[in-house]
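Shared between the two complexes below is chain A, which pairs with chain B and chain C, respectively.
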Partner chain A sequence: MTDGNANGNQEGATTPLMSWNNNLKALLVDPSPACRLIGKAYLTAYGVNTEAVDNADVAIILLNMGASFNVILIDMHMREMNGAQFAMLLRSSGVQTKLLGMSAMFREREKEEFLEAGGDGFIEKPLHPSKFVPILQELDSN
Partner chain B sequence: MADSISLRNQISTLRQSFFDEGMLDKHFVQLEELEEENPHFAEEVMTMFFRDSTKLIATVEHALQTSPYDLPQIDQYLHQLKGSSSSVGAAKVWSEINKLRALLKDGEMERFWTQFFQVKNEHDKLKENLGPYFQMLRQLDP
Partner chain C sequence: MAGKDLNQKLNELISSLQDQGILDDYFDELKGLQDEQSPQFVTNTITIYLGGADDTIAELTKNLSEPAVNYPRVTYLADKLKGSSMSIGGARMADVCAELCEASEANKREACLALFGGVNREYSILQESLNKIAQLEQAIHDNEE
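This part shows the complex of A and B:
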């Protein structure tokens, strides 16, 4: 696995800041438009094909339609459901995709509930390469 | 040429003042980092942020005029505001929202209104300050 250099070229098509063994695809689920924009921009800049949706229901619909991802990033505190509830829903529909909970601050209990419900790990918000790159590297090495 | 230099200086001074006054923090700098791939990305994100946050603040204000208060719902809105303001680096707004949420948790509804207006003021102040800043940036680089 190689780390790319920052090579933007002026003409529009930019070389990702990082290259991966696999063609990584991420689904970002966050009710905040700013967070979706930031998360998607960062992930895309780092070579991860990213789909961003604003709620859990849309995410489930996408997944039921057969969309597949290497990783799903979910805001832990959405209006309709929390991270653990989403994890339960996901796993009970047979989706095995790696699931990471996003929050600015995690409480121990909610982390435990999330993991017990089938979640795999956590990423601190706001999304930044320093946080997601190590996790994606681990994912990419499998 | 001289105009461009003086404009650059103005922009730089204004930008620095945002950090010095604590209106913006390092998360905003992270947005600027993405401008190599996406020119005007910070402006794009802030525009999205303000569109959403203005609506959320109005929603909270409306909810506070409905009796009895739906406290969990109000807290949910504030939580979302907190998350997005943190993500875009709106530090002062974030800090005032935290104070507001603490008052809500403690049931201190008398001070709540005053603090709510603090949040609204800081939010509007940031919006009013960033407008001219981004305008100047566009003059430099349309």
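This part shows the complex of A and C:
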């Protein structure tokens, strides 16, 4: 059971749809405001403490400030760079967090490039519990 | 009583839009995220989606009117619009954005222009539909207060 989102954490707080052994944290990097809002709402509803930012630069600033996450969800098409470039940048900076690529248009080559660059998984949008819950369960068991 | 009528109207509207393929089941799941902590989640999401889509479509209009189309930029914008439309359950809109994305990746100007016409048509329908949903959601929310 997590301590972060259980009843009593905040008056009127909604009980998450799932509970975890660990306090899971996610960073969502997506240029679309609607995708950030919905993605964060989904992850939060499932008990994941989530930050959502609109570009890679802000994500890097957060990480450099010492923020830590269990998973970073990355849209393949950000303004400054693509998902594979961002994965490569993170790995070369020593970031070992699980990296999950997301794309609205599934392209096999894009997926391969992302995984070769150090990504751990790849899902098609829209973000849905059936896609992210198994990954969270795996993270929570480690 | 008024609340029940409004909820029924809303459910009927959503069903009708889903029957027409304008919205898909994902919209129901999105609605499921609305709770006491976020009683206006659906309305807020619609507002944010429409604001973002307006900006993206304006930029697509500008890009596709240039003599030399910046296809990577058009692909990026169509992809972004597809993603946000899928996230809100806008199935037909997402489909036509996907086609525009593919045409742009192939650098096909005429196909892009034709498909962008389709994007505008589908967006007009989706925008009107989502605004109706937002109005009913707001009326239900006001009725409950």
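One rule holds for everything that comes next: the second predicted complex is superposed on the first by the 131 of 142 C-alpha atoms of A that agree within 3 Å, B and C clash if a C-alpha of one lies under 4 Å from a C-alpha of the other, contacts with A are read in each partner's own complex, and residues count from 1 in each chain.
Basically, contacts are C-beta pairs under 8 Å (C-beta built on N, C-alpha and C of every residue); 3 or more make two chains touch, one makes a residue touch a chain.
No experiment lies behind these values; they were computed from the predicted model shown.
Superimposing the complexes on chain A yields a three-chain arrangement in which chain B and chain C clash. Contacts of A:Leu37 after superposition: both chain B and chain C are touched.
Contacts of A:Gly94 after superposition on the shared chain: neither chain B nor chain C is touched. Contacts of A:His128 after superposition on the shared chain: both chain B and chain C are touched. Residues common to the contacts of chain A with chain B and with chain C across the two structures: 14, 31-35, 37-38, 41-42, 45, 75, 77, 104, 125-128. On the chain A side of its complex with chain C, the touching residues are 12-14, 30-35, 37-39, 41-42, 45, 75, 77, 103-105, 125-128.
Taken in their complex, chain B has these residues touching chain A: 27, 30-31, 34, 36-38, 41, 44-46, 48-49, 51-52, 76, 79-80, 82-84, 86-88.
For chain C in complex with chain A, the touching residues are 26, 29-30, 33, 35-38, 41, 44-45, 48-49, 51-53, 76, 79-80, 82-84, 86-88, 94, 98, 101.
Across the complex, chain A meets chain B through its residues 6, 8, 14, 31-35, 37-38, 41-42, 44-45, 75, 77, 79, 104, 125-128.
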